[in-house]
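Look for chain A in each of the two complexes below; its partner is chain B in the first and chain C in the second.
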Partner chain A sequence: MAPKKDAKAAPAKKAEPAKAAAPAPEPEVVAAPPALDLSTVKVEFTPDQQEDYKEAFGLFDRVGDAKVAYNQVADIMRALGQNPTNKEVRKVLGNPSDEEMAGKRLEFEAFLPMLQHIVNDPNKGTFDDYVEGLRVFDKEGNGTVMGAELRIVLGTLGEKMTEAEIDALMQGQEDENGSINFEAFVKHIMSI
Partner chain B sequence: MSECKDTFHLQSGTDPNRVVCPSQDGCPKTHEEDIMDIPLDDPEANKAAAKIQASFRGHMTRKKMKEDKPREEVKA
Partner chain C sequence: MSEADKFLYRDSGKVANPLDQADWATKKLVWIPSETLGFVAGSVKEEKGEECLVELADTGKKVTVNKDDIQKMNPPKFSKVEDMAELTCLNEASVLHNLKDRYYSGLIYTYSGLFCVVINPYKYLPIYSENIIEMYKGKKRHEMPPHIYAITDNAYRSMMQDREDQSILCTGESGAGKTENTKKVIQYLAHVASSFKSKKDQGELEKQLLQANPILEAFGNGKTVKNDNSSRFGKFIRINFDVNGYIVGANIETYLLEKSRAIRQAKDERAFHIFYYMLTGAGDKMRSELCLEDYKNYRFLTHGNVTIPGQQDRDLFVETMDAFNIMSIPEEERIGLLKTVSAVLQLGNMSFKKERNSDQASMPDDTAAQKVCHLLGMNVTDFTRAILSPRIKVGRDYVQKAQTQEQAEFAVEALAKASYERMFRWLVMRINKALDKTKRQGASFIGILDIAGFEIFELNSFEQLCINYTNEKLQQLFNHTMFVLEQEEYQREGIEWSFIDFGLDLQPCIDLIEKHASPPGVLALLDEECWFPKATDKSFVEKVVQEQGNNPKFQKPKKLKDSADFCIIHYAGKVDYKADEWLMKNMDPLNDNVATLLNQSTDKFVSELWRDVDRIVGLDKVAGMSDGGMHGATKIRKGMFRTVGQLYKEQLSNLMTTLRNTNPNFVRCIIPNHEKKAGKLEPHLVLEQLRCNGVLEGIRICRQGFPNRIVFQEFRQRYEILTPNAIPKGFMDGKQACVLMIKALELDSNLFRIGQSKVFFRAGVLAHLEEERDIKITDIIISFQSWCRGYVARKAFTKRQQQLTAMKVIQRNCAAYLKLRNWQWWRLFTKVKPLLQVTRQEEEMQAREDELEKTKERQQQAEEQLQEFEAKQQQLNAEKLALQEQLQAETELCAEAEEMRSKLATRKQELEEILHDLESRVEEEEERVTHLQKLKNKHEAMITDLEGRWTVDIQ
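What follows is the complex of A and B.
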């Protein structure tokens, strides 16, 4: 089936081809950023790329309706090499409510401009960003952070991680002193 | 008084007496000398943390996908 852009907004408010997401009157989100207008996003992926993305997208479709749930979108983007924050994902989804996150489904053609937007983000984190972010916690200025400290930061700041997530992340990263060389750590994180 | 090496203290903006120690369950050491402020309310710190966490989550998702499926590497 040709990837037409018509059916863009199946999950969003209206199915108008012109305006994809304009959920302005929904004050559901605490720090509500302005709604994003995806209709201005030009999808630049090659047909080959789109094939690949479609395949990955399909892996997440557990229902068989060629769609995925809103709350799966972050993971699909991650699977495709992106690192959006949960907040950024919610924003491209049009700041859905928690119910919508759980219940609404998105089809591939609507997903593509969202992915493109994330890919285009000029504020994407780089190796240097992550290293410098972690360097803040390098108390001794020797290129290491204490694993225990990092665990607390990850669990209390930003988009808090659960203990299970942190455990999975830190597995095998601390040396015998409980320290982590953060450049090596970031390299490892970015290698996949 | 010896310091607890793996202590990392949080002082929330509102309650300076609130401390959290990872070895909470029976860490007998005094922690005063090892206090470090985590800027819980600082938007820049939180933004930086969120970026790092995003990279971690991305990594873990991709790692899991790799483990579940032998070869599915796609780069956007």
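What follows is the complex of A and C.
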């Protein structure tokens, strides 16, 4: 099982730092999943759901053209209960450049199949995975990690989170010693 | 404390940096060889067949390197690791990098498995104070950062615990710090194992033990190009302990004193320190007593007075003399020593001339000879004759044989060297006597060996052969120890494993040097040649080639013009030897006529130095030296004399026997640069030494086994993440868990072994696991980050939705107001509203509420008062109760008194009655008295009457 995991993980790691430095290896990633043709995605949401989604979608429209910016798409999907990685979202958006992310806009009809794609292939991480993952940073082996350490981990590894995101995330989670019971923490995160 | 900590502990903050970890994993960092830096870091960009495209980390240049030249880099987790055996990638580059990293951070000690590697810091470090000694006392090796104290303490504890003798072996190039570290070992032991517990009052023995060093250094050390205080001899210090672990005595054995330093020095070098101490420090009285002269008058001090920056020879002379005092070496012995030193210098001033019509030597000016004889207590005429025309045995007769100028000069030099050596040996013997006077029985000992490491010069001579031979044997001892220890660990852990005994690897080379026969080794052949008439260095080489030509460790020089005579392939590398003067060096001949004179010297000290003169090789025995065939023809019986090679072989074999019976601890000293500069490390120089002193060899052997071992619990904690679901929930014993984990990891069965408490891995396997773990963690983190982002987004969205709802409410209200605003009824309503009763309701309510508030206040006041009164009442009640109690008590008292009173009254009554009775009795008695009186009166009357009558009657 280990090698299988490897194959999947390796490109993920490679692409990550490259994104910040130079978007050179990205075409390679584009070429890799040719299956991502959104026209083949069948939207299976009920009309009620679609109505809800449309309303939510509308909430993100700051301009009033019934569209949202590319860089808001991820947040809408998340607001609608999904947990895609940034990379996955970029993939469904057709791997746009940073300027496109900020400048391009998307209408609801184009958004739906994207959401459907994410829903079809949800984030498979489990509570246990995360607890085990965070246990690595448990220096004392007592089920807690230091908040400061967790901030560094989330801000420097993987898809680095911004300080604002981390602040919003960690609000009220640290105890008086600045440590966090990570089982409770993960449970809390996954409850909403 | 913190000052010293800097030089002991690596800064852990940097180690935990997850960024470095990520960097290492993504960039595939490796080491590639570099001309100047040893190795440089680079990241593998592309692999094509046998070659790799590597981008250098600091310059960004891309180079193509052969795959075999690439050495793997360790994960940053191992940065500045304290024990290099833990390194998962064990290679030259990583070892060098780790040592360099630590050295630059001021960490000079590093473990490498069984070794402790120490790099000369060339500056003072605050890590040798008594506080630090206390810190290391009784701690296990892994509990404290690497230090010579840790090694020493370890040896001391094992000695106490296992009752096994210990040895600490310091080897390394000149200037690497062997002697300094040896001193630290002694300092530590003198502190820890002293029977005198207070710090100030160190025991005399401990003091003497510490003072032995300055004396030995004064006489046995000198300045060389590499090292201002270079020990020109090897030594083995044996410190004996009693059963309680207290020092009871010590013994020093010395090896291979470079006695030629006494008569000749290379440029920028000095003879032994004592020459300079004495010439600078001696007072006028001593100067005349010792016949001292000015520096420039001595031929043996090749470069006159060479001084050492920052060292005052005058002060050191006083110090040395003080040390003699502490050693309780008396004045006359000290003078004896110095006289010999002075005599050695004077011998150099004896000059000879060739006589005009013959080859004979003559001595036109015998001032120097007179001084020598004065100092050594000889007759000048006898001495001069012994030098110029000694008596030599021919057949059965003795004849006088005139010497040539060269022969005379050689004889004098040999005499000077021999005198110095004998004096040094005597000194060591004397120190030993001083250190061995306690009567307490020694139970075990710790031996400290301080001896030069491998020497590989361009051309090497007999001295190098001796020292390299020694190191070959010491390395063999190390390999064997390592084999035994590994074997034991594997056995303890129950691992199936056929270990190769690397201790035997070096045997062919040792045989090549020391074997007696079939085929005889180099030393044996040399001895044989010495006894062979007309043998020369050349004939010796021919013999060696003939006997050992096929030995794989032996090589003939490739080309004829090659200046080397033969090569020996030592484990540290190929060494070229030049056999010039080997016969002479091996025989070390001496003018036996003079030796006899010295033996009979009028000076007690001198005659003691030359006590045994029967086994020295006389000048006449040296075939090569004799000019004609006349004496050379006498074949000398083997075994009659002892050659230098023989003596040394014997000494070494004794040492090895001693060491083999001890538990050895290895300290490898490394010189970082040849400029005596602090903070500078020349990579190639260090690499060369690592190769020579067996650190890399040790690693090579390590790689054959399972160098990475990790205890079950740690293995599980660190790598469980790689094998999700492999271990069922709930308790599971460590070993079982690890078995399951390894099964899930699908590792090749040859890559690991599972022992009783640890998992063993081949080199590099852990690095691979580490890498996978890294990728896995990043994977999980990304997934978790997505959840976190989802959480944050949903929280924000919920907030926005709530805001939306609120907004809608406000909107509705606003819309309603806009509609109503202009409706007449509404306007009327707003006008009328203040007039309505209903609108005043609020005011009324307010008033009521105020009233209520006031009432409440009043009530509260009343309540408070009530409470106060109640409290007062309670207090009064209590008082009343107290008074009542008092009253009761009084009443009781009163009743008691009343009762008493009545009792007394009754008593009075009774007594009165009695009185009354008695009164009436008195009355009665009185009446009776009266009555009797009356009776008496009556009777008297009667008597008178009768008397009267009687008288009457008579008449």
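As a working rule, the second predicted complex is superposed on the first by the 155 of 192 C-alpha atoms of A that agree within 3 Å, B and C clash if a C-alpha of one lies under 4 Å from a C-alpha of the other, contacts with A are read in each partner's own complex, and residues count from 1 in each chain.
Going forward, a contact is a pair of C-beta atoms (placed from the backbone, for glycine too) under 8 Å apart; a residue touches a chain by one contact, two chains touch by 3 or more.
For clarity, every value in this text was computed on a predicted model and none was experimentally measured.
Novice: Have a look at where A:169 lands relative to chain B and chain C in the superposition and call it first, second, both or neither.
Specialist: both
Novice: I'd like to know which partner A:115 touches here: chain B for first, chain C for second, both or neither.
Specialist: It touches chain B, and chain C stays clear.
Novice: After superposition on the shared chain, which partner residues are touched by A:159: those of chain B (first), chain C (second), both, or neither?
Specialist: Both partners.
Novice: Figure out whether A:52 sits in contact with chain B (first) or chain C (second), or with both, or with neither.
Specialist: Only chain B; A:52 stays clear of chain C.
Novice: Mind working out whether A:190 is in touch with chain B, chain C, both or neither, as first, second, both or neither?
Specialist: The answer is both, since A:190 touches chain B and chain C.
Novice: A:81 in the overlay: touching chain B, chain C, both, or neither? Say first, second, both or neither.
Specialist: A:81: touches chain B and chain C.
Novice: Figure out whether A:128 sits in contact with chain B (first) or chain C (second), or with both, or with neither.
Specialist: After superposing on A, A:128 lies in contact with chain C but is clear of chain B.
Novice: Quick check on the superposed pair: does A:143 touch chain B, chain C, both, or neither? Answer first, second, both or neither.
Specialist: A:143 contacts neither chain B nor chain C.
Novice: With the touch criterion stated at the top, can you tell me which chain A residues are shared between the chain B interface and the chain C interface?
Specialist: In chain A, residues 56, 59, 74-75, 78-79, 81-87, 125, 129-130, 133-134, 136, 152-154, 156-159, 161, 165, 168-169, 186, 189-190, 192 are touched by chain B and also by chain C.
Novice: Flag every residue of chain A that touches chain B in the complex, lowest number first.
Specialist: 45, 49, 52-53, 55-56, 59, 74-75, 77-88, 115, 118-119, 125, 129-130, 133-134, 136, 139, 146, 148-149, 151-154, 156-161, 165, 168-169, 178, 186, 189-190, 192
Novice: Where on chain C is chain A touching in the complex?
Specialist: 18-19, 22, 25-26, 717-718, 720-722, 724, 744-746, 772, 775-798, 800-801, 804
Novice: Under the stated contact criterion, what part of chain A meets chain C in this complex?
Specialist: Going through chain A, the ones touching chain C are 1-2, 5-6, 9-10, 12-14, 16-17, 56, 59, 74-75, 78-79, 81-87, 123-125, 128-130, 132-136, 141, 152-154, 156-159, 161, 165, 168-169, 186, 189-190, 192.
Novice: In the complex, go through chain B and note every residue touching chain A.
Specialist: 5-8, 10, 20, 22-23, 36, 38-40, 45-63, 65-66, 69, 72, 74-76
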